[in-house]
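In the two complexes below, chain A is the common chain; its partner is chain B in one and chain C in the other.
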Partner chain A sequence: MGLFIARRIGKGVVVLLAIVVLNFFLIRLAPGDPALVMAGEAGAADEVFVAQLREKFALDQPLPRQLASYVRNIVGLDLGYSVRQQMPVATLIGDRLPATLLLTGTAFLISLALGVLFGALAARRAGSLADTAITGVALLFYATPLFWVSLMAIIVFSVRLDWLPSFGFETVGAGYAGLARAADIAHHLVLPAMTLGLFFMAVYVRMTRASMLEVMGLDFVKTARAKGLAEGVIQRRHVLRNALLPVVTLAGLQAGTLVGGAVLTETVFAWPGIGRLMYEALLQRDYNLLLGVFVVSSGMVLVFNLVTDVVYRVVDPRIEAAR
Partner chain B sequence: MSPAGPARRRGALAAFGRHPGAVAGSAILVAVVAAALLAPLLYPASPWRMVQRPFVPPFTLERVPLGTDALGRDIAAGLMHGASVSLVVGLVSTLAALVIGVPLGALAGYLGGRVDDALMRFTELFQTVPSFALAIVLVAILQPSLSSMILAIALVSWPPVTRLVRGEVLSLRSREYVQAAIVTGQTTFTILRREVLPNTLSPIVVLASLMVATAILLESSLSFLGLGDPNRMSWGFMVGAGRTVIRQAWWITAFPGVVILLTVLALNLIGEGLNDALNPRLARER
Partner chain C sequence: MIRHVVTGCALVLALSGAAAAQAPRAGGVANAVIQPEPPGLMLGLLQNGPTQMVAGNIYEGLLRYDDALKPLPGLAESWSVSPDGRTYTFTLAKGVTWHDGKPFGADDVLFSIEFLKQNHARARGNMAKVASVTAPDSGTVVFTLSEPFGPFLGVFEVGSLPMIPRHLYEGTDPKTNPANNSPVGTGPYMFKEWKKGSYIRLVRNPRYHVAGKPYLDEIYWHVIPDAAARAVAFETGKVDILPGGSVENFDVPRLSKLKGACVTGKGWEFFGPHSWLWLNNRKGPTASKAFRQAVSYAIDRDFARDVVWNGLGKPATGPISSATRYHNAALAGYAYDPAKAKALLKQAGYKGETVRLLPLPYGETWQRWGEAVRQNLEDVGIRTELVATDVAGWNQKTADWDYDIAFTYLYQYGDPALGVARNYISSQITKGSPWNNVEGYANPAVDAAFAEGAAAVGDDRRQAIYDGVQKTLIEDAPVAWLLELQFPTITRCTVRDLVTTGIGVNDGFRDAWIER
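Showing the complex of A and B:
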């Protein structure tokens, strides 16, 4: 297991390096001088700063040299400086990262739990009214634009019903501490996490249902039934356990979409995470910050993939280290 | 193609017609295409123009049936004009993704070995990157326009195509008729084009219809964030524009969202119908 994790981390580092190289070329796609692009609109006027950037990233050197110095800076966790916000990009992202981890983590767990639950319910009575209803709702959620369902949720649950706060991370100036603060944050988390999770819930419902139906036709399920096991036991112990494997694989593949979706959710709900930071960078055309958030969110996806891979091996010990 | 081709295709068409979801989806899609085509005739004036006082609620004035937004623009006109942006971006970006994805997948599956390894690593890289974030970065850097949006969406949506085509080609490569073509000395390009790729067509068609749906969701999300073409009215932009006044005027955001939802739903239903019709064997897997 240790060797496996080490190998996966090595692979992740290679992918991350490739993403950094991709970033390097993205900056050069922008029209104009890369130093001015990195400085952003606000910093472009400051000639001393632009000259500093040029020196730091070796922009007057040949391209391979530039690439080497760019990669060296990023590897040293120096993501550059945001002139707009007057702060190093790494600090800005570090401040916002916990909120995003809380949001995406909660949304992921909710969507996986509800998705598997409803998918299993639908598969158990395939063709019934409950199955049709669940599949229909899942299809609907699957087609709903994330940003729009967030806005509609605000209209219904905040404006009309006044149950839940529509924006922010916690009540500003309330001075809560300890458990009261946690409860306040949880209260603010409900709408963003639920709306972000809806799409993924739909994905997991469909996957769980299809996967369970497939496993139900296999020989060992017939054997279990022939042994006279109770239907509930067969469903839980024999069918669901095996059907969950492809769902875990899929959950890992969805990580990128989840992190990307957080940009929309955080923008709508003014959630102070890196997604909203990306939106702010976008509005101000702060390319350095924009690319910094991109690298960090890619890193998040890699960590997430690593976790699902490890979980997969725990769930299914048959997979050998050879993979 | 075998001589039974046309007959089989007719059977597939009938199977598609028996799928109630697919028929409903096709009806919605036809309506959206009609809206895009009729927009210049029914609403010849620019959808950006102020036609009434701002915040006219829906169903109150006959001239603006769906009301007006915060700047007095006609919502119905915006919806009609926005249809073409979503359809064009969805369709063209999917075609572009196929242009990137099919050759890469075919080469990886057919050549195997190191080429396969390298291509799959490359594909994995693009699959790991958070696609929406990459699309945002690309459009922001290339400056918002219809073509930069299409390019960005195509660049983030080709990996599933490559994986699918690779898998199909891998299983076709060992078939006897392909081996026969190799023995007769045909070039790799000819074999791929004439023997292998035509047989991968139906799963590609199914995937493509689902990709158009995803592309439209991506397009509206980008437009919502203000990354749409500044000269074109689009549904995502309309939702974004109504966001700040959502407490006073729900209809400005509600209608464009419903239209996006219906269009994407229609394409998903069509994709499922195509899947059941073209790959009866795979119908249960999705």
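Showing the complex of A and C:
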């Protein structure tokens, strides 16, 4: 196991460096550069102004040199400086990370818990009215554009009913502390986390249901039934546990993207997360910041892939044995 | 004069009776929206819209301007101009201190001029005719010009010439100065806190140099990236101030009908936002004057105003906005006349080449306008293809002249010499800026007239020169003028005296108070 993890980490570092180099060129393929964007925003610019900005952003340097200095910084665990925001990239990302993890993590747990629960219920009564209702509703949430569901949720729960706040991370200027602040943040979290969670839920419902139906037909389930085990025990210990593997795969993939944030949800609910930071950096061609977000989120994908592989071995010991 | 939109609040005003006579009350918190989140708040280094809007509370200029663009006292309490138009003397307000308690004086003004000439593109241009700036004493500043410059008294507003604290910036590298992240000015509100992605918080400056002002305790600028969510935030009472341009235009009628909502179109006179289509004068069908005139006749400006902009704005008749000095109202410009457009296209020898149309990537309203103009052009037989871009791509394409027809809008800063000449004189034909003579129009007579107009002394002389320029430009149709835009500011009616100058919300909340 130790050797396995070490080998995977080694591979991960190589992949990460490849991602850095690729992204470095990729974002420079987009038309425009940060200097031109800032000059554009000023509504008045002359050549001196644009040249000054290019110098400030180190864009006047030859491309290979820009790449070399960027890679050198990354290797030294330095994500660089956002000239536009006048702050180190690591600070900017660090500021946004907790909000994003709170949102995507909560949504992840909601989707996983509800998805597996409803998927198992649907599988148990496959073909029944309950099954149709569960898969139908789940698909509806999946198929409806996320921003539309979010806006409708705002109109119903914020504008009409006035139960939940429509934007932000917490009540600005309220001066809450401790538990009161946590409650306030939770209050703000409900709408974005629910809409995002319901969106992801559909996949888990379908996956759990399909996988359980498959397992239910296998011989060991018949054996369990023949032994006279209670139906609940069979479903939980024999069917669900064996059906979970594809769900874990999926959850692992999704967990990796948690750090990348959820651009649409964060935008509609004005949630101060990484997704928005990345999207704005993209529009503003803030190269260092954009690359920084890419590096952090691809690093997370690699880490979660590794974690998934380890979890496999816990959920299903046969994988370790088969190696 | 920009049309005033005042709906919704008439009733409230009538009910509150003595409201007009009511004296301002101190205290309260203002919640406003800022969109997009500014890159920073150091007004001497950054000149984009959101930075100006927030930092207009923190920094100040020597002068302010009313809605007819007449100068008002700012950091200068009085000023005088010599008869030959070459010496400008400013007497500074007394007892002014920076937010950190250090006194403000003439040496700060001298330092700011030099600082801005290095770092502020517009200030560099505005100060080009200044031969020397001196401070005979700590309360007086004298500008001596190398030749008269007509618009000079109009360049001292906070966004054009903000005063920078010498004691914090002298001898430092302005790009990395830590003061950039906690800006210090002389303005009515002080920077307190910036939670990136969430809000910017300003607090009252207790040492402000105008007695009794400002009135508010705090201002929160909320960062809400989605236009629909900004509208909802106002509807649900979480924010009370939507500065011009912060919601989509089709939401304006709905929001202004809400109970207790007030709307004003004022506060943009200094900027005079003027929209037009860049027409590439260098190549393709748009190189022909008859074709360009045809484009101008083909566009239905009233439809654009009534449908796309929900009745806000005014058809633009020529290069100079009616909010800007020396606009000639007698010149009618181009009316909507598809038949004439078709005739001109025939005359231009247009053979149906596809023309690329680049809309402004500034949201839904502009997208719809792009589609409306495309329809107008197709109707008279111009084959038009819409090109999709984002802001950076749009900047790149227009700055590199890689377009046939492109939407834009620009500020005029109150005077043709400041905000109009740059788009038509041939010395401004340089790649790399989306705001200069992007269309590539070159006419020695127009170059000479703009130079003469800037240097002429006396309003009548200048009016005569600019009348001639407007006539020539309208005839040559180097671009197709569209609308004088209007960006209504929507507020709760209890927010009073927010917009009191021609610079509007960008001038800071120094007079604003909340009725309770």
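Here is the rule we go by: the second predicted complex is superposed on the first by the 267 of 323 C-alpha atoms of A that agree within 3 Å, B and C clash if a C-alpha of one lies under 4 Å from a C-alpha of the other, contacts with A are read in each partner's own complex, and residues count from 1 in each chain.
Quick note on the criterion: contacts are C-beta pairs under 8 Å (C-beta built on N, C-alpha and C of every residue); 3 or more make two chains touch, one makes a residue touch a chain.
In this text, all values refer to a predicted model and were calculated from it rather than measured experimentally.
Of the two partner chains, both chain B and chain C are touched by A:L283. In the overlay built on the shared chain, the residue A:P31 is in contact with chain B and with chain C. In the superposed model, A:T104 lies in contact with neither chain B nor chain C. Of the two partner chains, neither chain B nor chain C is touched by A:T265. Shared-chain residue A:L151: touches chain B and chain C both.
In the superposition on chain A, A:G168 contacts chain C only, with no contact to chain B. Within the superposed three-chain model, A:V159 lies in touch with chain B and with chain C [touch as defined at top]. Contacts of A:K56 after superposition: chain C is touched, whereas chain B is not reached.
In the superposition on chain A, contact is made by A:A18 with chain B only, not with chain C.
Taken together, the two complexes place residues 30-31, 37, 151, 154-155, 159, 267-268, 283, 285 of chain A in contact with chain B and also with chain C. On the side of chain A, the complex with chain C involves touching residues 30-33, 36-50, 52, 56, 83-87, 92, 95-96, 99, 151, 154-155, 158-159, 162, 165-169, 172-173, 266-270, 272-273, 276-277, 280, 283-285.
Residues of chain A that touch chain B in their complex: 15, 18-19, 22, 26-27, 29-31, 37, 139-140, 142-149, 151-152, 154-155, 159, 206, 210, 213-214, 253, 255-257, 259-261, 263-264, 267-268, 278-279, 282-283, 285, 287, 290-291, 293-294, 297-298, 300-302, 305.
Chain C meets chain A in the complex at residues 29, 31, 36-37, 39-40, 46-49, 119, 121-122, 124-125, 175, 180-181, 195-199, 201, 218, 220, 222-226, 228-229, 232-233, 235-236, 238, 389-397, 399, 410-411, 422, 430, 432-436.
Residues 124-125, 127-134, 136-138, 140-143, 213, 217, 220-221, 224-227, 236, 239-240, 243, 246-247, 250, 253-254, 256-257, 260-261, 264-265, 268-269, 284-286 of chain B are the ones that touch chain A when the two sit in their complex.
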